[in-house]
Amino acid sequence: MNFQQEVQISLTVLITGLVVVFLMLIFLTLVIKGYGKAVNSLQSKLNQRPRESMPVPKPEPVPAAAPAPSEPAAEEAPAVEEGISEEILAVLAAAAYSMIPGGVVTSVRRAAVQSRARSSWGMAGLLENTRPF
Amino acid sequence: MNFQQEVQISLTVLITGLVVVFLMLIFLTLVIKGYGKAVNSLQSKLNQRPRESMPVPKPEPVPAAAPAPSEPAAEEAPAVEEGISEEILAVLAAAAYSMIPGGVVTSVRRAAVQSRARSSWGMAGLLENTRPF
Amino acid sequence: MNFQQEVQISLTVLITGLVVVFLMLIFLTLVIKGYGKAVNSLQSKLNQRPRESMPVPKPEPVPAAAPAPSEPAAEEAPAVEEGISEEILAVLAAAAYSMIPGGVVTSVRRAAVQSRARSSWGMAGLLENTRPF
Amino acid sequence: MTIFSGFLKSVMKLFETSGLVGNDPRNYVMILIAGVLIYLAVKKQFEPLLLLPIAFGMLLVNLYPAIMAAPTDTENGGLFYYLYLGVKLGIYPPLIFLGIGAMTDFGPLISNPKSFLLGAAAQLGIFTTFIGAIFLGFETRQAGSIAIIGGADGPTAIFVTSQLAPKLLGPIAVAAYSYMALVPIIQPPIMKALTTKKERLVRMEQLRPVSKLEKILFPIIVTILISLLLPDAAPLVGMLMLGNLFRESGVVDRISKTAQNELMNIITIFLGTTVGATATGSLFLSWGTIKIVILGLLAFCIGTAGGVLFGKLMCRLSGYKVNPLIGSAGVSAVPMAARVSQKVGQEEDPGNFLLMHAMGPNVAGVIGSAVAAGVLLSILK
Amino acid sequence: MTIFSGFLKSVMKLFETSGLVGNDPRNYVMILIAGVLIYLAVKKQFEPLLLLPIAFGMLLVNLYPAIMAAPTDTENGGLFYYLYLGVKLGIYPPLIFLGIGAMTDFGPLISNPKSFLLGAAAQLGIFTTFIGAIFLGFETRQAGSIAIIGGADGPTAIFVTSQLAPKLLGPIAVAAYSYMALVPIIQPPIMKALTTKKERLVRMEQLRPVSKLEKILFPIIVTILISLLLPDAAPLVGMLMLGNLFRESGVVDRISKTAQNELMNIITIFLGTTVGATATGSLFLSWGTIKIVILGLLAFCIGTAGGVLFGKLMCRLSGYKVNPLIGSAGVSAVPMAARVSQKVGQEEDPGNFLLMHAMGPNVAGVIGSAVAAGVLLSILK
Amino acid sequence: MTIFSGFLKSVMKLFETSGLVGNDPRNYVMILIAGVLIYLAVKKQFEPLLLLPIAFGMLLVNLYPAIMAAPTDTENGGLFYYLYLGVKLGIYPPLIFLGIGAMTDFGPLISNPKSFLLGAAAQLGIFTTFIGAIFLGFETRQAGSIAIIGGADGPTAIFVTSQLAPKLLGPIAVAAYSYMALVPIIQPPIMKALTTKKERLVRMEQLRPVSKLEKILFPIIVTILISLLLPDAAPLVGMLMLGNLFRESGVVDRISKTAQNELMNIITIFLGTTVGATATGSLFLSWGTIKIVILGLLAFCIGTAGGVLFGKLMCRLSGYKVNPLIGSAGVSAVPMAARVSQKVGQEEDPGNFLLMHAMGPNVAGVIGSAVAAGVLLSILK
């Protein structure tokens, strides 16, 4: 490769790369924003009717590692975001803060709890799920 | 394949299949019935002598998920099957009912308990078993 | 192979094998002895200065399966070996005795304990370690 | 200038190699189907452990077919090509049977060996569906693969199909697992239609307890008999029984636990995603697939009917000591089919506990399907 | 006599086949380097889960090169030859992404999708480093592999390198993981240099909660869009999202747990040791490796700067509602980079909790790197 | 009419392909032997974790030889053919050593390095048995494989045999594991015969504690020395030490745990069943196998004697500070051989605790066997 070729290939890759990566992620940004709104407006409609939106709503609310009691509340009020007092904000922030590291491994913790508390019918359910093969 | 060939191959497979599957499973039925009787008569003889039939009889009796207390009793009286009162029958049925789903996963539960309660000599035993390789 | 060849090959293997295995393991004996002394003299020097020898000294001291309370003490005094009274000796021996089988599987036990007692920051740490890939 | 043309060329290349240009239009239909299957797996919880990986594999392969690409002289194959080897070479299904064996309690079957007959009768669907498939124009090997859907046993269906008609793996696997998930919907009407109220009310004697020795001998004896008489069933039955021996022997908890958990989970992921990934638009969206779906349903229904009718026969012959509702459990689909027997029985008489009695035919059905698979393989291979 | 000569001959043969005679002298340097890496992994705890296996693989291969030997007509290959096939064929990185997906919570990203932009900006290091590598004389494919170090993502780097420049796997993997371990040292000075105190003091609004449905749809949508538009990223992104779907669906705990634990651990062992084992003295000890190490550091720094500067832009445009410190988290290196953002932010204002806000760009960085990898593969392959 | 003839033809085909017709009559003898081994594994608990899979593999292959069939142009290979590749290519034994390393505490050996000498002396059985095997007419490579039974280490025996004499794998593996299981029966008489009461009464000084740093350096140093000097031992010793480094470093619990549990369990299942499956009737039932069984026992006894006698020597030289009973532990068979030392010692003096002292030679025996394996491979390969 001579110098000019080097310049060309490297600038081509730089420009193509940055443009494509940005376009792609901007596109994702818009899509995620869009479907987020769609889902939420759908769910707030559904919430006015008797709730039946998701299969297992109960097991979810308490992320195992979140010490802050306000967390579940936050989960249950997805549409209310304005007009929250300073105090609640602080609590929420603390909850959020404490949630990340634990929250990521939540499923592990939760799984362990489930396997301890499993009733015999729950076991049947487990079996039903594991038996297909 | 013309029509006649189709008829022939399909009826051949149908008949062969059903006959072989039935013969096979009837054969298994008879064999299992036979060895079941043999084992039980052998064991009831052995039971009259001091019990020494199987290596680890104690750990087995209580399937972890069985809530009914009559279960172990059932396990320990393999030869007595006639003359059980209506009441015991109901309890046994309930026990049986509750046993199936849980019973199947018993080993998982039991394993967990063992690993918690393991004494240091039990650990040596474990090690002994795991070390062969 | 004729008889003489058989004698030759077999004695060659016998002698080479024994000599090499012994030389190798004698060599290892010396090396291990040597570096053991080096490490210990290094560490006893370091012990006179504020301890900072190993990254995580705290989690180690109590091998999960060791019932004898004198064990940690033994671990913390690697340079003191003369002048121990008969009594302490017996306790140590008992501790040692109880340590082997359990000690070998210590890590398993300890791992379980850790995963139970893990704080949310500890979880973040775990995550940090597990996330690289 | 030349940089801008280079940029344009790169972007064009990106666009041309993108799925938007290269993909078969039928792939988009498959993506929709995959979405429906994901919905059924997640929201309706239809066999999610297999349906979710299958659906995602289907999604991926229809978005990016190269993920199943075979290696060439210059390029590596796709990820799923390698993971799929375990399906193609018949490795995964026996290993899954190992795990199932380690999870299964054959006690109810040992204490009532007549259950084997119900497990045999419920294979009726397999062999009658074979006829249907032949007459709908499938080749004999394809017909055998389709028929095995009636065995109501996922790994058996995959094992047979991978040997007889690998190209049909996608539709057959999807049909097999879907119908297994639908057992609580498919079976009850058939069971009620074929039995009288009096029959459904039959209470059965409780099963005798089974000694540990019997449970240990069972897998050994079954392995010997079936492997000797019907070698083609040996990989499935042998591994099923090895797993069960691990379980019942009580001396190898370590490997029994790994066989039924981690090993099985890993293989489930690989098997599910790659079986799903065989369902590309061009292969799946055909008249043939629709025929398979219909034949599979038929096979399931006839199998159920076969079990119930044979149960009816046993009921009459025994003087109403056998409840024919346990016959439907003979199709396999452990333990759901047994729970359906229990539920239908309790609808008539809430005090009637059929579950344990139905577990016998249920696990016998697994063995029966494997035997039927052996017969099909032996005749058609 | 003849026995003694036989003995001597055997000993001579042993000596001649020993590493003392056969090994390249550069191997001893590599052994030293391996020792240093083990020290860093064990004592300094720099990414020990990967650095320790890598270092030990490096140690073994330089002591005993035959452990990577390919099979010949008469002899089996070495142990690592077989384990390395998973790297060479591109199998391990997607499977590790499966596990990562099952461990990752994309909630913060979904609730603030603008984070994607920071995840894009932080890929700047990749493409600028490509220029540097070209001008330092690397071939284009090698340059692409070196550049991807700037993605701050181990499996992505290995995936790309195994396809573009397999010979550079050793140095690139070691550089990638080393710099990922050094994130807490490399990033803060850059972050502070590029931001004002006022910017670093910005407190951000808390994130809206994300519903379960959104979390379930996210992996499906991302898979479809990226796989369609940029197929070369599909194996990585697809498996990442499959793992995440396992996690968020909540119906397949069994396989989700195995994917993030046992399967991932097994692959980590195989991947780490064999990637380390590509770093033989003759390949590693070259001027090229030093250039790679320098370029990799550069890529890392520029990526960090790109993220921070874009964060600065967003800060100004939003009227100081975005703290630019979260931009640096866009390089991936989850979750360390996010924790660095948190820490640097708290140095200015102990009451400022940026961690959760930084998790968005952080996980976006993983997707961004995979997208960048797809672009590089598509253009250069 | 024609349907009936078709049925007859099918049944005939089924019968002709059944094991009843095709199987070698010797297979039935093997099935009996497999039954005995299952009995020993389950009832007597002789090394059940390996003996049970071995026995079942033996059972299956003698019922259905095709389970080990190599693939042909038209047909896939049998299940065990593929799983056996890990044995044939030497992949499983080092991975099992990885798990063993992660389970082993080398502390007692580090605190008393003289134990290495006992671990060397106990390899005497290997090299003397080699002579016996040569004179009984085995080829040199076969003789080496038989001799290694005396190492009392299953994976080492399999590793050596798979390279020197793959056809003997079945009998050698079965012999090796059987004798390992019989250690508590074989060793005590030899130990008592070769020692005086006074020697058996020797109480040993307690071991010095070993610092964490020493434990971390140990695997690194041993790997370097052995791999450099005796490369053929590197795969075994290297992986053993890698596992131990995982353990002792304390920073990679995740992968250490997986190496000693799930990975090891999965490989144990595959290794056991497929090694058992090499023992087909025609290969196993020969005069050669009986010679192997006898030679193996001899090797075991001589190894034990070698260890005890060397212990006796150390006892005398040290002025009765070393109890010669710990010498027998040098054969490996961890930790059973060490427990036998403990038990025989306590028979004389219930207050004498030799277990920890015997652990040193015991783990040294593992290294010693691997070194001996390296010597045999290097000379005979």
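Letters A, B, C, D, E and F mark the chains in the order given here, with residues in each chain numbered from 1 onward.
Just so it is clear, a contact is a pair of C-beta atoms (placed from the backbone, for glycine too) under 8 Å apart; a residue touches a chain by one contact, two chains touch by 3 or more.
What you see is a predicted model; the values in this text were computed from it and never measured.
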Need the graph distance between subunit A and subunit F over the touch network, please. 2
A-D versus C-F: which interface comes out with more C-beta contact pairs? C-F
Repeated interface matching A-D, over half of the contact pairs identical, chosen among A-E, C-F or C-E: C-E
Type of subunit D:subunit E copy interface by residue overlap (half), same or different: different
Subunit B and subunit F: spacing of chain centres that average the CA atoms, whole Å: 33
Whole-Å distance, subunit B centre to subunit D centre, using C-alpha means? 23
Between the Cα centroids of subunit D and subunit F the separation in whole angstrom comes to 39
Which subunit A residues reach two or more other chains? 9, 11-13, 16, 20, 54-55, 100-101, 104-105, 124, 127, 129-130
Overlap residues in subunit F, where contacts from two or more other chains coincide: 10, 14, 42, 45, 48-49, 103, 229-230, 250-252, 254, 257, 260-262, 268, 335, 375, 379
Complex contact set, residues of subunit D against subunit E: 10, 13-14, 17-20, 22-23, 31, 35, 38, 41-42, 45, 48-49, 52-53, 56, 59-60, 63-64, 66-67, 71, 76-79, 82-83, 261-262, 265-266, 268-269, 273
Help me check something: in the complex, which residues belonging to subunit B touch subunit F? 7-9, 11-13, 15-16, 19-20, 54-55, 124, 127-133
Subunit A contact footprint on subunit E (complex, rising order): 102-105, 107-111, 113-114, 116-117, 119-121, 123-124, 126-128, 130-131, 134-135, 140, 143-144, 206-214, 217-218, 221-222, 225-226, 229-230, 247, 250-254, 256-257, 260-261, 335, 338, 353, 355-356, 359, 364, 367-368, 371-372, 375-376, 379-380
Note which residues of subunit B are touching subunit D in the complex, please. 1, 6, 9-14, 16-18, 20-22, 24-33, 35-36, 39-40, 43, 53-57, 59-60, 74-75, 77-78, 81, 89, 92-94, 96-97, 99-101, 103-108, 110-111, 114, 129-130
Given the complex, residues on subunit D that touch subunit A span 2-3, 6-7, 9-11, 14, 42-45, 47-50, 96, 99-100, 103, 154-155, 177, 180-181, 264, 268, 271, 333-336, 339
